[in-house]
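Input: structures, listed below.
Both complexes shown next keep chain A, but they swap its partner, so chain B is in the first and chain C is in the second.
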Partner chain A sequence: MAKICFNRAQISAIATTVGDRKLSIDDEKEKFHFDDNSLRRLKKTIGLDSRYVVSEGICTSDLCYQSAIDIFRQLDIDCNDVEALLFVTQSPDYRAPSTAIIMQDRLGLSVDTLAYDINLGCSGFVYGLFTAFSFIQSGLKKVLLLVGDVASSLTGKSDKTLAPLMGDAGSAILIDRVEHQRSYFVMHSDGSGCQHLIIPGGGCRKPYRRSVVVEDRGSEDADLRSDMDMYMNGGEIFNFSIKVVPKLFQELFEFTGVTEKEIDYFVLHQPNKYILQNIAKRLGISEEKMPSKTASVFGNQNSASITGTINGFLHEKFSDHELKNVFVGFGIGLSWGACYVETNAIYAPEVMMFDGR
Partner chain B sequence: MNDMIKLLVLESIEEINKDSQIEELYSPSFDTNFFDLVDSLAVLNFILDIEQRLEGHFGRYIQIANEDVMDASKTPFRTVKDIVEFITRTVESEG
Partner chain C sequence: MKKKDFVELLMETMEREEDLEEEMLLEAIEEYDSLAALSLMAMYDELGVNVTPKKLKKAKTVKDLIILAGENVSNE
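This part shows the complex of A and B:
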């Protein structure tokens, strides 16, 4: 098991920008062919209500750009001080080059900046934070982490098993070197489950061809999804979440020596209300300490769901208080990780809507 | 215990079938194959409902969902009999 402890890195700011269009599940009822019963069940169990998505042509990098610029302006950051830029996403601007490198220029960072992408989804914030903290531990002084997805672009437009869940968001997180600040990470990967949550087409195994899309649209669930779109086996992902997340808590508590009672907030990836409330109940953690409404309000924001929860529901607490936090990401890969991180009245504004910058 | 849990399970099935409206679930027998008749969302709804009923009856949360619930080869929620026996064992093991 990968267990790592750092003592020099600290989060200074977290900002999140969501898509500029708010969609209500009631308004999407016809589009997804939900009958009244199905819609009622989804609202009750999964918590579907609304989500924020981007207008056509807006990329994850655009959302992250707005978040990063807000941090730079509000904290009066000199762009030349940023030494590394990491971009965690499954929806880059191009297949190549890394969007992080394009963002180095767009954000006005120095050409001396280290920059690359990390291809991860729902575990991506924890992994990105781990990588950023590693850079700080190795000697860098300031790292900018960007995480997020235009998740609405990853699914079949009419795939009612996935599309109504997805929201678009991009976060920026500023990490600084300090004299002493302990943090702990526990990480896991299991590629044997890769087929349960996957976009099969577009890579070298199944290169993009127009016919890939066309052929798939002729099959039974065609009208819903091609191999260029994300597929999820919901039952297997539910089983995976219920299996690994409680164990992850146990591993982190044993590694850190911190107890559940000492933690102010458990901020988990936000797939849906049911999974989170089930995890909270089996761990005996109150809803106040483990928020679960993000997917119902903003949609499933993939790697930006933890930061989206902080800016969406906990921004005042994170802005005003010293907090002991556990962050947990789990999903596509399969990949999962947790970290214990203390924050000290960081810059954490309320979620912003994309304004076309 | 077993009879009471059977009653709660049948009440839960009746509740979720208000949405699913599956003919075989209107009057299920012990051998009715619940898992194969419903979709995954109905299984989740069933777990949610039965956990609430158990909490109401026993006065404490009893965890029914586990990592096998959606696994077609291992699910303890195959037939009504399987469900009642699994929940009885779970309640007894949690004291």
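This part shows the complex of A and C:
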């Protein structure tokens, strides 16, 4: 099992920007053809309420740019000091090259910067943080991590199995080298589940040929989703989540020797309230320590959901206090990972809405 | 757990108020939809039974749902 421990890296800042359009599930009822009864149950059970998405043409990089610029300005960062830029996303600006390289120029970083993309979704923040911490452990002093997705662009516009869950967000995280700061990571991958959450078209297996043939998956909504859109087998993903996440907690506790009581916050990826409350029930951890309602307000923010929860709901705590945190990501791949990270009154502003800069 | 109690648990999980009979076809039960399927998987998981979406799809009747619970349900 991939278990890693670091002792030189520290998070200095976390900022998140969400899409500029707020959508309410009540207003989207017609679009998704929900009848009154299923809408009531989706609101009550899954927790669907509102979500923030971008206007046409806005990319993940635009959201991350606003988050990064805010950190640079507020902390008076000299751009020449940033040695590495990592961008975790499934919605890059182009199929190639890596958006991270474009962001090096756009953010005014030096050409001495190391930059590349990492293709991960809901587990992406934990993996991105792991990579950034590895760089610091290897000798770099300052790393900028960008994470997020314009998830609304990845789903079929009226695919009711997925589109109503998704929100758009882009975060920036600044990581610095310090004398001593311990952190622990536990990571897993299981490619046998790749077909349960997938965008099948557009790669080399099913290339994009201008006219995309819609595959009939035998479900009533097949006509609403093309091979260029994300497909999710909700049952499989739910089953995966409630099985692997509680186990991951156990592994992290055993690896770190830290107990549940010592942790201030468990910030998990936020797919929806229902999955999180099912996990919380198994672990016996309260809503106060393990927030579960981010997706009900902002939508599922993929790799920016952990940072989105911090900037959305815990920004005062993270700004003012020394905290012991557990971050947990899980999803597409299938890929999952958890880390124990301490933060010491970091720069964590309240979540920003995209303002078109 | 007695069979009667498990059937009540099924009703509660599916949010169904009317009685369930063993021979009832799941596809004829209004409350048995994709959301109910998630709730049922969570219910089995809490009983310590691994019910995958595939296994659940094979269940055609209420009786099949009882069989899936295995030794958790007695024959009484």
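Points worth noting:
Please note the rule applied: the second predicted complex is superposed on the first by the 346 of 357 C-alpha atoms of A that agree within 3 Å, B and C clash if a C-alpha of one lies under 4 Å from a C-alpha of the other, contacts with A are read in each partner's own complex, and residues count from 1 in each chain.
Just so it is clear, contacts are C-beta pairs under 8 Å (C-beta built on N, C-alpha and C of every residue); 3 or more make two chains touch, one makes a residue touch a chain.
Note that this is a predicted model, so its numbers are computed, not measured.
Clashing of chain B with chain C is the outcome of superposition onto chain A. In the superposition on chain A, A:243 makes contact with both chain B and chain C.
Residue contacts after overlaying the shared chain place A:45 against chain B and chain C alike. Within the superposed three-chain model, A:3 lies out of touch with both chain B and chain C [touch as defined at top]. In the superposition on the C-alpha atoms of chain A, the part of chain A touched by chain B in one complex and by chain C in the other spans residues 38, 41-42, 45-46, 234-236, 238-239, 242-243, 274, 278, 281-282.
Residue ranges on chain B touching chain A, taken from their complex, read 19-21, 40-45, 48, 51, 61, 63, 65-72.
Note for the complex: chain A touches chain C at residues 38, 41-42, 45-46, 233-236, 238-239, 242-243, 274, 278, 281-282.
Considering their complex, residues 37-38, 40-42, 44-46, 234-236, 238-240, 242-243, 274, 278, 281-282 of chain A touch chain B. Contact residues of chain C toward chain A in the complex are 15, 33-35, 37-39, 41-42, 45-46, 50, 52-53, 56.
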